[in-house]
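One chain, subunit A, links the two complexes that follow: it is found with subunit B in the first and with subunit C in the second.
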Partner chain A sequence: MTNVSVNVHHLTRVEGHGNIVVDVRNGELKECRLDIVEAPRFFEAMLLGKPYQQASHITSRICGICAVGHATASLRAAERALEVELSEQTVLLRKLNFHGEIIDSHVLHTYMLVAPDFLGVGSVIPLAKTHAQVVLRALRIKKLAGDLCAMIGGRHTHPIAMCVGGFTHAPSEAELRAMRERLVAARSDMDETVALFKTLDWPQFERETEYVSLTKPDEYAFIDGQIKTSDGFLYDLDDYRKVTNEKVVPHGTAKQTSHNRESYMVGALARFNNNSDQLHPRAKDAAAQLGLEPVCTNSFLNSAAQVVEMVHCVEDAIIITDELLVRGCKPEEPAAVEVKAGEGVGCCDVPRGILFHDYEIGEDGLISGANCIIPTGQNYANMEADMRALVPQILDRPEPEITLMMEMLIRAYDPCISCSTHFLNVEFVR
Partner chain B sequence: MDPRTLVLGLGSPLMADDAAGIEVIELLRQKAVPPEVTVRDGGTGGWGLVAEMEDYQRVILVDSARMGARPGDWRRFTLEEASLLSEDQPSLSLHGAGLDGALQLAEALGVMPSELVIYGIEPAEVRWDRPMSGEVRTALPAVAEAVLAEVTGKATYSG
Partner chain C sequence: MSKPKVAFFDFTCCEGCQLTVIDSLQTCPELLDAVEIVQFREAMSEKGEDYQIAFVEGSLARPADEERLRGIRERAQVLIALGACAHLGGINAIRNRRPLQKVREYVYGDKAEWFDAYEARPIGAATKVDYFIPGCPIDRDEFLSVVTALLQGREPKIPDYPVCVECKLKENVCLYDKGLTCLGPVARAGCGAICPSYGNSCEACRGLISNPNIDAAEDVLKEHGLTAEQVMAGMDLFGTYQMMEMEGVSYD
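Presenting the complex of A and B:
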């Protein structure tokens, strides 16, 4: 009988922060779990007692990958609590900024983490040697996305110009024109990206689940709207707890969520499955080339859906830039805020999926309650359900292959584990 | 040759002494830095640092670093003088990408700046929701002065 033991322990180099554990005895699955630690519970505590104006700057530091997403969700929470109305220009700039981050995160994930598995190299470092042009293209797209975010957010990586009610800075007409040209030029890189990813041999794996994302009547939603599930449910943002139903599991310190089934999935594939009709025609064409059709139940194809979203975001960024150029984009004062007690839910569909920030603000303008639910927390149960479904299908394969498949599955979700440390470890050469 | 210099501070202001790099950037912003020098708070940029460094001939990184020294001790070094301890192993998440990975990638692609210098500051503690330690905070002005002396040409180093 088969005995397989897989224990992958390298999500980060910090012990206990990301283990895949699979234990099969005599052909029977004894244990199959993912241990993760997520940090937002620390942020909830960090926000308490802070002025509402600081919340977006604090939460944008949660990580360097979803900085705009956290900042936007945080601002929407405060703005909804304080009933702040945004100008048309602010809404457009927020969307444009957000597209920059979606492209930024997706290009890193698909090229740096996913592609190496398929191109037969262990990681992006050897990929840079064997396929330098591929990695250089990824960095070119990444740079465009980063510059787009910096043009609006005032700084690379962690935005500084975003504030409650609007922005403290607006891009100039010249900057918008230059950015538009670069976005148009990026179409060829997008075509090359689709051409590369359609050659990849995606693992065959199907498991039905529920897909949860934002939705809006008139656009492919990333900011605001309503919560839609592929099982036919639609909720207002204030009712997000009806979807998330968080519970603590014994292993790992992240909470798990479930709605209509044992688990649900959030992220690019969920958005694609729920809202693909609203994609830009070029993105729909990319989906067709990648063989992606709703409802797609292969979690590995989350990465393909990310490629589709990159194409969409480049095109929609061109459209928004044109709109800003036609209507004019001028420095404007952020919307006036009248400080009062209130509660607000901010919701964005960030690169890894739907994100909730829920704040209570006191009469003094200080945050008296905060609840943040990140995408990875919501995908946690679904990742484990996928693992339990996949392992029995591949048990006859050699252990290293099983390990690789499990890693590829988890990588497809690109879990946020923001407690990974960033400082250097140095040994001096003597 | 593009003479531009980038001074990039790295770290998270939410993780105690990990903020050292970006606090040095804040100090440098209050000083007379030559116009051809860009001073930037790079946060926790991960792989993206490769794209950020690309346009510069000289890059000076300021980061907290475990060097086996006393908390608050700092050191200037080049990659020839030190090995950044990392393993080239595939991560399950982009969140695993740090400066060491980004530098390896830049090296593999042949896009390393021609001059790369690191100022490492030994942390006492790196964890969420803790203030910076007194040892590290006390060290920051001297690090900022040293970086300033280097970019204004008032200090020269061989190697």
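Presenting the complex of A and C:
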């Protein structure tokens, strides 16, 4: 008779506080949960009564890793509420900035948080001795990404120059040229990254689910567009609640999101599954080398999809930088804003998946209502569904190995728990 | 001599300061040779409880946080507040301006009671803090300089002069001359005036200096037809806890 009890208190190498609980009695799965134990954050309440100009400065503080993503979604919400039109230069700089954040976040997750599991160590620190070249490469890519964001926004965590209608600063031509050179030089680091990650022995695990991401007709979407699901649905951003459907589960207390099935997945794998045709050819080649094909239903491969996206973002960043250099990039005033009452939904596909900010602005320019729906919250139900599917398949293994597999599974989602706690609920053991 | 053991902890925050610590390795990887990191949940699995130096990021946001913080305090010889949330209460304290129950209900509706919460506060509200590294987020170089000082047995030095000093050295055009307000005249420097340098007003994420030159600041304001109240309104981003303290609000 099998009895297994896994209790991971404060899961490590994730952002925020979560506990994994698995309880198997006599071979039967009794309990399988991810508890979110982070303190509530209350960001929506903080926004109430604040001037719309302050919103992105407050909400970028939801997350130190995807600060640019939150700021961008926040600005888009305010801009759509106030019907602000952006200049071509602003749109290009926002995209370039966003690519910097995708690379920064993905390199942190794949190299520093995920890779140690495959190399049998507890963190990236011992790897500095045993795999010095790997660690130095990771730090080099991370520095490039951080410097790219800093060139545009002043710093990556938390961006300074991003504002409603545009930017309060513009990179110089010399900075753009120097950055372009570094991006081109980073191609060899990308090749090495693909070469490293294709040697990893990804756990075998398949479970069909629905994949939700942004989509655009003409590009691999990160900012704006429409909401696409792998079950064949397409929604305008204003209809985001039709996708997220927050609900209370019958025997638990956790509010989760679901659309066409019991759960859905967001993030790099969802974007890859929905939009892989629009990846840069080099990223397509990386996907082929990593054995990644749409629709991929192995959640562990979310990390492989992140590697593919890093390659894509380096290439697309080179293309955008070239465009900026050709058309010129100079300091310009942010687009004029006419303050009026309105509601706007801002949507970005941030490193961990699709993110919604929805603001109501009063005619005094103060925020009168706010709703933020964060990727990790949307993945929460899917993570638990994966846990329930995976545990029975690995029950014959020793407990430490089961524990490691569960940790690796949750870590593959790159959960950002401190972002999501303002609406995730703790499931109490009774 | 054995290396000093260092641990990192976080309460309510975005973990951006710990990320900045990780980023400081880009320029200073030798840091890993100088100290032994025994706990850093965001980056490593090991959890050692034997440490001399504890860095704490984040605000206290619920009663249970205080007990955990006291445990850290008991084990650490030196406790350092990392960033604005731990140092000042930071943006978390924005919600203190509204009745706690209303805040809880706005976000969690009729399930508000499921989640323990109290008014957000800096870690210094519940325990003795030896040093603080200010900022939202912290400055990478300042973090390295504090660690270096501690390793050499020196007192870490955090600037206690206004952001205007650094802004002038950068030869930035004063934001007041551009028709904006800015907390630079009273806010603590050490950031290199990074926000004004990128076209945004100083928001005093590093707190106020201990002896602001109010007269000089008022002269600047008068020159631009502004009142102190208009400028100090900017304090509601990172300094809500301090402003409410000055108004006589306390939580016991």
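To be clear about the criterion, the second predicted complex is superposed on the first by the 398 of 430 C-alpha atoms of A that agree within 3 Å, B and C clash if a C-alpha of one lies under 4 Å from a C-alpha of the other, contacts with A are read in each partner's own complex, and residues count from 1 in each chain.
In this text, contacts are C-beta pairs under 8 Å (C-beta built on N, C-alpha and C of every residue); 3 or more make two chains touch, one makes a residue touch a chain.
Note that the coordinates shown come from a computational prediction; the quantities given were computed from them, not determined experimentally.
**Q** Have a look at where A:D285 lands relative to subunit B and subunit C in the superposition and call it first, second, both or neither.
**A** A:D285 sits against neither subunit B nor subunit C.
**Q** Of the partners subunit B and subunit C, which touch A:D414 in the superposed model: first, second, both, neither?
**A** first
**Q** Per the contact definition in the header, classify A:C63: touching subunit B only (first), subunit C only (second), both, or neither.
**A** It touches subunit B and subunit C both.
**Q** With both complexes overlaid on chain A, does A:Q54 touch subunit B (first), subunit C (second), both or neither?
**A** second
**Q** Touching A:E44 in the superposition: subunit B (first), subunit C (second), both, neither?
**A** A:E44 sits against subunit C, while subunit B stays out of touch.
**Q** Applying the touch criterion given at the start, work out whether A:T168 contacts subunit B, subunit C, both or neither, answering first, second, both or neither.
**A** After superposition on chain A, A:T168 lies in contact with subunit C alone.
**Q** After the superposition on A, what does A:E262 contact: first (subunit B), second (subunit C), both or neither?
**A** A:E262 contacts neither subunit B nor subunit C.
**Q** Looking at A:S123, would you say it contacts subunit B, subunit C, both, or neither? Reply first, second, both or neither.
**A** both
**Q** Classify the contacts of A:E192 with the two partner chains as first (subunit B alone), second (subunit C alone), both, or neither.
**A** Touch partners of A:E192: none, neither subunit B nor subunit C.
**Q** So subunit A touches subunit B in one structure and subunit C in the other; where do those two contact lists coincide?
**A** Common to the two interfaces on subunit A: residues 10, 12-13, 39, 42, 45-46, 58, 61-65, 67, 108, 112-113, 116, 122-125, 128, 136, 139-140, 142-143, 146, 155, 157-158, 418-419, 422-423, 425-426.
**Q** Residues of subunit A touching subunit C in their complex?
**A** Touch list, subunit A to subunit C: 10, 12-17, 38-42, 44-46, 48, 50, 54, 57-58, 61-65, 67, 108, 112-113, 116, 122-125, 128, 136, 139-140, 142-143, 146, 153-155, 157-158, 160-161, 163, 167-169, 253, 255, 418-419, 422-423, 425-426.
**Q** Give every residue of subunit C touching subunit A within the complex, in rising order.
**A** 11-20, 22-23, 25-26, 29, 32, 37, 40-47, 61-62, 65, 90-92, 94-95, 98, 102-104, 106-108, 111, 114-117, 136-137, 194-195, 197-200, 203, 237
**Q** Under the stated contact criterion, what part of subunit A meets subunit B in this complex?
**A** 8, 10-13, 18, 20, 39, 42-43, 45-46, 58, 61-65, 67, 104-105, 108-109, 112-113, 116-117, 122-126, 128-129, 132, 135-136, 139-140, 142-143, 146, 155-158, 407, 410-411, 414-429
**Q** Across the complex, what residues on subunit B touch subunit A?
**A** 10-15, 17-18, 40-48, 50-52, 54, 63-68, 77, 80-101, 104-105, 108-111, 118, 120, 123, 126, 128-129
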